[in-house]
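What follows is a set of structures to go through.
In what follows, chain A forms one complex with chain B and a second complex with chain C.
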Partner chain A sequence: MLFTGHVTWDQFFLLLGTGIVDGAILAPACLGFSLQFGITNYVNFAYGEAMTFSAFMAWVFGVEKFHLGFVQYVLVAGLITALGSLLIGALIYTPFYNRRPQLLYLLVLTFATALILAALYVIIWGEAPHVLAYPDGASNTHYIGPFLVTNIELIFIAISVLILAGIYALLKYTTLGKIMRAMSDDRSLATVCGLPINLVSNATWFITGFLGGIAGVVLGLHSYGFDTTLGDGFVYLVFAAVIIGGIGRSLGAVVGALIIGLVFELSSLIVGSALTPVAVFAVLVLIMLFRPEGLLGSTGRSAFSRA
Partner chain B sequence: MTSPTLIYVITILILICVNSIAALGFNLQFAEAGIVNLAYIMLVAVGAYMTGIAAVGPPPPGDLVTHYIGGFQWPFPWDLLFGIACAVAFALLLGLVALRRLRHDYLALALVSILQGMQILVGTNTRLFNGITGITGVPAPGGDLPLLQSQLVFLGVAVVCLVLTYTFLSRITRSPLGRVLKAIREDEEAAASLGKYTVLFKLTAFAVGGGIAGLSGGLFAMYAGGWSSTAWLPQEGLILLASVIIGGRGRNLGVVVGTVVTVGLIQQLSGFLPLPQGLSVTILPQLQVMLLGALIIVFLWLRPEGILPEQKERFEKISLDPVPAVSAAVGAGAGHPSDTRQS
Partner chain C sequence: MASSDAGKLQDGSSPDGSAKMAGKERGLLVVDKITAGYRSQPIIFDISATFKPGSITTVIGPNGAGKSTLFKAVFGVARTFSGTVTLDGEPMSLKPRDLVRKGVAYVPQLRNIFSTMTVRENLEIGHFVRGKSSFDHVIKLFPDLGLVLGKHAGKLSGGQRNMLAIGRALMSDPVVLLLDESTGGLSPLLAANLWGHLVALARSGVCIGVIEQNVQLALKNSDYVYLLTGGRNTTEGTPTELAEHQDLAQVFLETRT
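Moving on to the complex of A and B:
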């Protein structure tokens, strides 16, 4: 099944719309992951686990126990995930970085943390699928221009735009955002300038945890039934998008997210839906071969960065 | 004496041998060449799948749900050699794309991304390797003998493979290639400035490590009689990472010791410990993953060089200047790659 027959415009626009929605779901997650790397120097393999955690928190607060409304449980899950991210960041990651800042150790540390968390989730929530509570009329469809979208997909896009605008304003106009950018540019220089490195690191863990949390709830809603592998099955797209956009670059993360979302959906027209990961790899390989610093990455840092 | 205890002891020994082979290959990539390949288990999977499809026959004619490529019915050892060759080829391809220009952090990220994507691709695509069910009925050498004999034959095969791998890797470590790899690991720019084309050396280590991964994967598939997408989840790679970190990265003997600890003590013996009240046996694999992960973090924090640390090579001080004070200052960086005598 290499070519799925002739493609109608309806199909094309349906997938284009879904691709944009996928990109919108990916964007906050990619932005959070990229900010974490830029500011704390951690390639956080446990980011998918933060998303899984948040989806389950949304399930606990929306379905299992407290039956909160839609907006409430999204926010509560996001905030609890942010707190969890802050805890792990402040208690494990930051002290570890101060003791052994070698990249090799940091990579192994977050990889091990990710698998510990994943195992913990299976112990707590088992392997059965869980379904979140949807707001009324979530699956009603509209035509917006040529795109056929559901209400919930519009909500996803709205959440994504709100978050991206919020982070843009934070980075551009607040003191915290300026320090975050300074640390991302040159951590040692920021340190000798007397900027509150640890405080801002912790703030970063909190904010990026919140981003991952919201992304996790949205992902849980989007997948109509999820289990503890929710984040793992998604986070490879986040990694790919971040590499494509340029790691540590905020705009790059958003651009990468949109590209991956579109490639993921539109490629199914050509290679069939079972082979979409291949299309994502193809884009990733092209980037690795021809622009290894990412589309918007800077070439300033040495290609021989030490392990 | 065909007691279950004896069979169990043989099983543990086989698992230690096969896991040691896998961990040694990982050590070559991770510790000798400094490539943070947290997706190593993917190379193991390539060897296992390709050995599997070379060994089994095609799906039976009436079976409409089983699909996989291959089905050559090759006898041992040709199926295993085919698996190794495919793993080397896959590692070369992956290395050619990823190792050339990517920074270390990008590389680690890209490899894990490819691992997760491959998982989904192979798990959901039933045409390639029969999806989530995987390849079954892979024959083991001596598999038609009675239980005890067949286990002993397989143990023999595993021990021979381990000894060959160990000897081969020890020779690599001592060879000029091994010294260049360590120089690249310590300071890639310095090695490059000495005229070494570092990508080629890293690619060699990556491919050789991939071949060893393929060997261990083929043995895994034969021993278990099959291979499926749940056999190479990222957490299956954690035990190899733990073996290398706990045992001592960069030292082959340390890696084997680490494997004895992780497979023998943690994976097997932990099953005999009483579980806390109210916990069921089904969560044991999860508890083991958590224990392995926690051990890795504890070792990284307290003793990152592992139980048996790597023996750093010492080089005689090279006098570059007649003034003794200056020459002592230069020689103070003993073991620095710029002092490394390369062939």
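Moving on to the complex of A and C:
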């Protein structure tokens, strides 16, 4: 028996359920992060800052000023974050890439962007915690099968499923999605095929900004009170999940998110909750040792072969 | 072979049914004194070549002669220091997107398919920018592809990959098709087969430019041949003229040592 004596099945299922919820929260962010890397070749460590920004936008539109309804403020925050992501992508990241496409420079640029944004947030919103507006009955609980979940957690899962289905349909059935996949597969071939590289890069910044934005609001809701560091630590979990799944693979990002979510919660049965982040990265190291290309294999040959 | 003197055809307004040629000739690609390379290092110097519609123009030469760089320069992949490229007399920007829009398609030597996408999706990519060519047209040309439309392109054999790459280029209904060693790595039978397709395409009016390692195949199937050595034009002519050229074998032997 792995578990210590006093763990009940109830506790196990509670953690399993929470792990699935964590995975659902992580998944859209991981998908966005993975798409950004696959298509634009940026390992974007400022992604966490996009999420933080979005949570604050949700606060501004839901609590501070406009008192929008739940669905409205989630969408507004997501869209504003998408616009912000597009602006930074089109004005800073893309021109920089066209001059210096080496992975290391791109990485340093995203770190710099993250630091600048984090500092700006502290100037604007201070360091005090903020709390978002919750829909009525958010914390009411239900049993679904053996799982004890709250309404808001069900909403998180619904949002996640909607987003994943939407992105799947985009990538599989639309012209934009197919060009995004072509660029992710082989950027230089996509270029000589005459595909609109810059346009699709910008569309990618917008779409992934929206994904990060929604993920940020959900994370802000999930953490019941957040400050300007909301996305900082989260981006490392996203990074770990994307690597576990296979960097550049959309399905891999989702699978990685679920694994991270489950490991994060279930490991507390074994190692105690203070050490769960350690457990997550221990799993990452183990998977890297035995499958360096990630569980589903990686595609982003363009950037890593150059690095 | 079509004449490159579009003006003469206009004056003559020939009664023999070639009236459709009376306007601008479609697909005359002229490379004029191109010097190009990578970073600050030129690889080819003052190279000129004319690719005529309805014919196959082949570029041959030993390894390192700059054959691929010539095509890459036309497509803006290599850096061009001087020289011009015109399509039907109109100067081209050497940006892939503009070229593809105008009907110039290019199939690189390596990595010429999207291996994580299906065969069907690869072909679709070909007509996103430009194209009237239907699926059926390309499938009729390469029936093998029709059998594996749902397969991931990365799982195709070498011959199928090259056909897919050419098929994708054809989806844009190109007037000029530039192929960098599309027969490379193929068995002699498959290579001959592919050349058969190219000859048929050329007869349908497409301007085809080919880089070929196999000199015999090139001389057998081309209408006009350019020999490059050391990044410069060395000799050019029809296959018959080149075959008589006593230095041809020597050139290859010399540069190999």
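Observations
Following the convention adopted for this analysis, the second predicted complex is superposed on the first by the 294 of 307 C-alpha atoms of A that agree within 3 Å, B and C clash if a C-alpha of one lies under 4 Å from a C-alpha of the other, contacts with A are read in each partner's own complex, and residues count from 1 in each chain.
Note that a contact is a pair of C-beta atoms (placed from the backbone, for glycine too) under 8 Å apart; a residue touches a chain by one contact, two chains touch by 3 or more.
Quick caveat, the model's predicted, so the values are computed rather than measured.
Per the definitions stated earlier, placing chain B and chain C onto a shared chain A by superposition produces no clash, and the two fit side by side. After overlaying the two complexes on the shared chain, residue contacts for A:V271 are found with neither chain B nor chain C.
The larger set of touched chain A residues comes from B, when the choice is between chain B and chain C. Using CA centres, the angle subtended at chain A by chain B and chain C is 90 degrees, rounded to a multiple of 10. With both structures placed on the common chain, the touch criterion links A:L120 to chain B but leaves chain C unconnected.
By the document's definition of touching, neither partner reaches A:A133: not chain B, not chain C.
When the shared chain is aligned, no partner comes close enough to touch A:L171: not chain B, not chain C. Applying the stated contact rule after C-alpha superposition, one finds that A:G194 touches chain C and leaves chain B untouched.
Closest contact between chain B and chain C, by C-alpha atoms in the overlaid model: 9 Å.
Chain A has no residue lying at the interface with chain B in one structure and with chain C in the other.
The touching residues of chain B, counted against chain A in their complex, run 34, 36, 38, 97-98, 100-106, 108-110, 112-118, 120-121, 124-125, 185, 187-189, 192, 234-235, 238, 241, 245, 283, 285-287, 289-290, 292-294, 296-297, 300-301, 304. Those residues of chain C whose C-beta lies close enough to touch chain A in the complex are 75, 77, 96-101, 106, 108, 111-117, 121, 124-126, 128-130, 168, 172.
The part of chain A that touches chain C in the complex is made up of residues 175, 178-179, 181-182, 184-186, 188-197, 299.
Residue ranges on chain A touching chain B, taken from their complex, read 37, 43, 45, 92, 96, 99-100, 103-105, 107-109, 111-116, 118-120, 122-123, 232-233, 235-236, 239-240, 242-243, 247, 274-275, 277-278, 280-281, 284-285, 288-289, 292-293, 301-307.
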